[in-house]
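Following are the structures in question.
Each of the next two complexes has chain A plus one other chain: chain B in the first, chain C in the second.
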Partner chain A sequence: MGGEALSLERLAIRLGGVQILRDITLDVPAGSFTCLLGPSGCGKTTLLRAIAGFAPPSEGDIRIGGRSIAALPPEKRETAMVFQSYALWPHMSVGGNLAYPLKLRRVPKREREEQVARILDLLDLPGFADRPLASLSGGQRQRVALGRALIIDPPILLLDEPLSNLDAAIRRNLRSELRSLQQKVGITTIMVTHDQEEALSMADTIVLMRAGQIVQVATPEELFTRPADLSAGRFLGIDNLIRGRAGDPLPGAEGATLGFRSAEARIAAAPPAGALARHGTVVDCAYAGGGYQIRLDTGGESVSALSDTALAPGTAALAAVPAAAVMAFGADEALLPH
Partner chain B sequence: MIRHILPAILIGAFAFVIFGPLANLAMWAFAEQWFFPNRLPTEWGFDFWARVFRPRAGAWTSLFQSVAIAVSTVALSIALAIPAGYALARLRLPARSLIMLLFLLPQAFPSLPIFVNIARMFYGMGLNGTILGVVLVHSLPGLVYAVWIATASFAAVDRAMEEAARNLGAGPLTTFRDVTLPQAFPGLVAASIFVFLDSIDEFTGTFFVGTPDVTTLPILMFNASMGGNYQVAAITALILLIPSVGFMLVIERFLKADVLSRIGR
Partner chain C sequence: MTSIPDRAAAPPAPRAPLFRGSGMGLLLVAPALAAIALLYALPLVRSVVFAFVAEEGGFTLDHLRTAFELYGRDVVFSILVALASLALIAISSIAIGGYLTLGATPWAVSALRWLYRWPLFIPFIVAGQTARTFLAKNGLMNGLLMESGLLDPLSAQSFLDWRGLVLTFAWKQIPFVTLLLAGAMASIDRSSVEAARNLGAGRFRCLIQILLPQVKGTLLVGLILSLVQIMSVLSVPMMVIAGNPTMMTAMMAHRVTYYGDYPVANALGLFSYLLTAVAAWLYLRMTLRDEASR
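Showing the complex of A and B:
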């Protein structure tokens, strides 16, 4: 097994006069795990479907391992996809679903059965071959769908929000399971998700998309600490935006928009050295498990921070954020260099 | 007490409305003699049954012709309804609702003028009095059921399931055969049953296009009762019940509520 590299060159898609994707250029190295992350409607699923051959590009090229697949019908592309709804075939058993791609490739029956047993072992579902689909739980179906895609040993695996139909606990387990399976098999994987936490915990590379375009391609750490612009930052959980003042401990902070996450901000008695600090009055205090989420009014601006103790509305308080956790955005909303 | 009596009376009246005519029919089928003032037949027996099933009486021929016509009508309607239903369900034709309405149109007009005109056209084409002519006439209402139900059952097939098959290496036709058709199968069975039942007791069209060469069971029944032979009519009616009841039982097994709910969506 193993994966191949995928490259998209100036890909554009138009559907019914609407430009869904424009100028998508992306290189996905062989064997990597890439997440397409973005709000709903940003075109990430369309991009995945374009790679699978379900959304014809109006411009540009798609290459797998050097050969262009842009003009091929879906069945010739060998890009195995796991659908959001799993799209398992209810008129076939678990084994029937897994064996069908092999049947299409005229693999003899004996060998098909061996391969199905092997993939069921890999997915930790031994002996499930004769089970009807209706008897499977959501997580088990998800694994069967994954197995059906992996059984043809494809060069590329495409995952369309594969975990979104599962409840939170199973989702967290399957995240690491999926990631370790991908590393074991070494398959080039592209996953679509709108869940930033999922993308951050699973991907080698995150492709952040917005309005049909790529905003940023970065590692999870880089994306989290250095989002390309203000709205990327907002999407990645930056919930405090304040105007920089002279004396703030950041270069070029004056006049810039400073962003940080509430989780990084603390209510302090005195400002620690080298921290961004704001005085204000408490507007709101809510218990947030292990601490209190405090909202301060700092003279026309609003700042959220965590506190160990509850504070009554109206009291004066000081919120402080370590300078390293603060991101400065310029007038054009782009991230300013450190 | 009152609370129980009223529903009991209502159920009884309801049962009488449904089963009264059927009981009358059953009595006629076994009556040897039944003249006006008598409430019940004066003589019972199987005499007329023997008469109906005598080779010369034509009941066997009629039964055979009826079933052959019904089966051919089902075959023709379903063969047309599968591509039509799939196209209507999938290809997002802009005129989709218009086409669906068009299929209903023959039902909207009074059927007599339509059949008279069809008979006139069929005379010109030499189709009058042929099995093919009758099959074509029966396919007119048959297609309405078949296309509407087929459209609903194809629309009920999740597109992602077809895409999954394409994605894993199946061509469009293989996908249709292995994924779409099996999913839509219950609906198509239901459509076949409706078409079959509609054809087996179709009268007007057969009367205009088929007689006197094609005599289906309803025509035989009509001839018998017009000739005052209620016994023969009743026996023919009972024979007609057999396929109807049989297929009603099959419907129960195959027709799923979620398919029905998508009709005309």
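Showing the complex of A and C:
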């Protein structure tokens, strides 16, 4: 098994007179794990469906390993997709579901059975071939859906929010399982998700999308620490936005919008050296497990920070954030260079 | 300090049931039961019983024997016509339902959706009349074929025989079965078809191997209801077919109107019941087996 590179060139999609995607250009290296991340309605699922052949592009090209697949019907594209609803066939057993793609490729019966057994072992579901689907749990169904996609040894694996229907605990387990399986098989994988935690923990590269366009293509670390603009930052959990003042320990901070995450801000007695600090009065104090989430009014602005002790509303306090955790955005909302 | 009443010690008395025992319940359903018994069950049982009662009283198989001797060919003819019609209905409604669900040309799909239901609103007798003028030797179909040069006038033949019956029954019942089938197909999760296409199945395979197995039960219900229609419609065989053999319904009507011979007509009716009962039994057996395997 192994993956092939995928490239999208100036791809645009119109559906029912509405421009869903515009000017999407993206190179996905062979064997990599790429996440399409964005709020709902941003076009990420449409992009995945366009690669699979279910949303015809109005412009642009889609290439797998150098050959164009944009004009091919879905059944000729050899891109294996795992659907959010699993889309297993209820009239077939587990083995029947897994063997069907092989049957379509005229693989002889004996070989089909061997492959089904092999893939069930890989998915940690040995001996499940004859089970009816109804007897499987959500997590097991998800694995069967994944196995059905992997069994044809596709050049590209497309995952459409594959974990979103599962419980939080199963989701965390399957996340690492899916990631290690992908690395073991070495298949080029593109996953759609709206869950930033999922994208950050699984992907080699994250493609951040908004309103039908790509906003940023970056590694998880880069995306988390250097989001391209203010709204990307907000989507990635930046919940404090304040106006920069003269004397703030960041170059060009004055007049810029400074953003940081509450989890990085602390209530402190005195400002640590080189930290961004704001004095204010406590407006709100809520227990947040292991500490308190404090909201301060800092003269017309609101700042959230963590504190080890509870503070009564009305108390004067100081919130401090290490300068490295603060991002400065310019008037056009783009991230300013460090 | 006021004491709080001890609820645990004095639970509220259970509310008395509105109707005690089964007597009152029975009384409530009595009108419906009586209607079913008098208007449906009684005539049915009577007609079955009278197929076995001799003129001078007592049990006899004579009526059955007479019915079979005189109309055996019609019984076989009816069964064959019914089976051929059902086959045509099944194939056409699967094709239409499949196109409505999987079709890629939006205008063709909407045109078909608009067109296919029309025969539903046309009574059987009108369908029979239309078939007569369309399928006769000098009918509209041959006329059109001759005019377009596709048919030599000398080799024109009438379709007013078993073929006319099969075509008329199918024309009338295809929309009904398609309506059921297309509804069932539309309710299937779209991604289950997309998953099949994604893994290499063309549209036709998706229809036969993914959609059809999931709506099999609905198709069978449609076909069984159509069978009951075919076995009970009198106007179509009367209009379309002139000679012998013909459908059992026509023979039953003939026996009653010309000879006043109810027992033999009842015996023929019994064959119809048996035929539809066999179909219903096959259907029940299949659904039970499917449910057991789930």
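Quick note on the criterion: the second predicted complex is superposed on the first by the 338 of 338 C-alpha atoms of A that agree within 3 Å, B and C clash if a C-alpha of one lies under 4 Å from a C-alpha of the other, contacts with A are read in each partner's own complex, and residues count from 1 in each chain.
Following the convention adopted for this analysis, contacts are C-beta pairs under 8 Å (C-beta built on N, C-alpha and C of every residue); 3 or more make two chains touch, one makes a residue touch a chain.
Given the structure is predicted, the values throughout are model-derived calculations rather than measurements.
Taken together in the superposed arrangement on chain A, chain B and chain C clash. In the superposition on chain A, A:119 makes contact with neither chain B nor chain C. In the superposition on chain A, A:242 makes contact with neither chain B nor chain C. In the superposition on chain A, A:149 makes contact with both chain B and chain C. When both complexes are overlaid on chain A, the residue A:134 reaches chain C alone and has no touch with chain B. Once the two complexes are overlaid on the shared chain, A:91 sits against chain B and chain C alike. In the superposition on chain A, contact is made by A:83 with both chain B and chain C. Legend: residue contacts after superposition of the two complexes on their common chain; A:99 is shown touching neither chain B nor chain C.
Judged by the touch definition given at the top, the superposed model places A:47 against neither chain B nor chain C.
When the two complexes are laid over each other on chain A, chain A has residues 52-54, 73-75, 77-81, 83-85, 87-91, 100-101, 104-105, 148-149, 152 in contact with both chain B and chain C. Those residues of chain A lying in contact with chain B across their complex are 52-54, 73-75, 77-81, 83-85, 87-91, 100-101, 104-105, 148-149, 152. Per the touch definition, chain B reaches chain A in the complex via residues 158, 160-161, 163-171, 174, 178-179, 182-183. Looking at the complex, you find that chain C touches chain A at residues 189, 191-192, 194-202, 205, 209-210, 213-214, 293-294.
Residues 52-54, 73-75, 77-81, 83-85, 87-91, 100-101, 104-105, 132, 134, 145, 148-149, 152 of chain A touch chain C in their complex.
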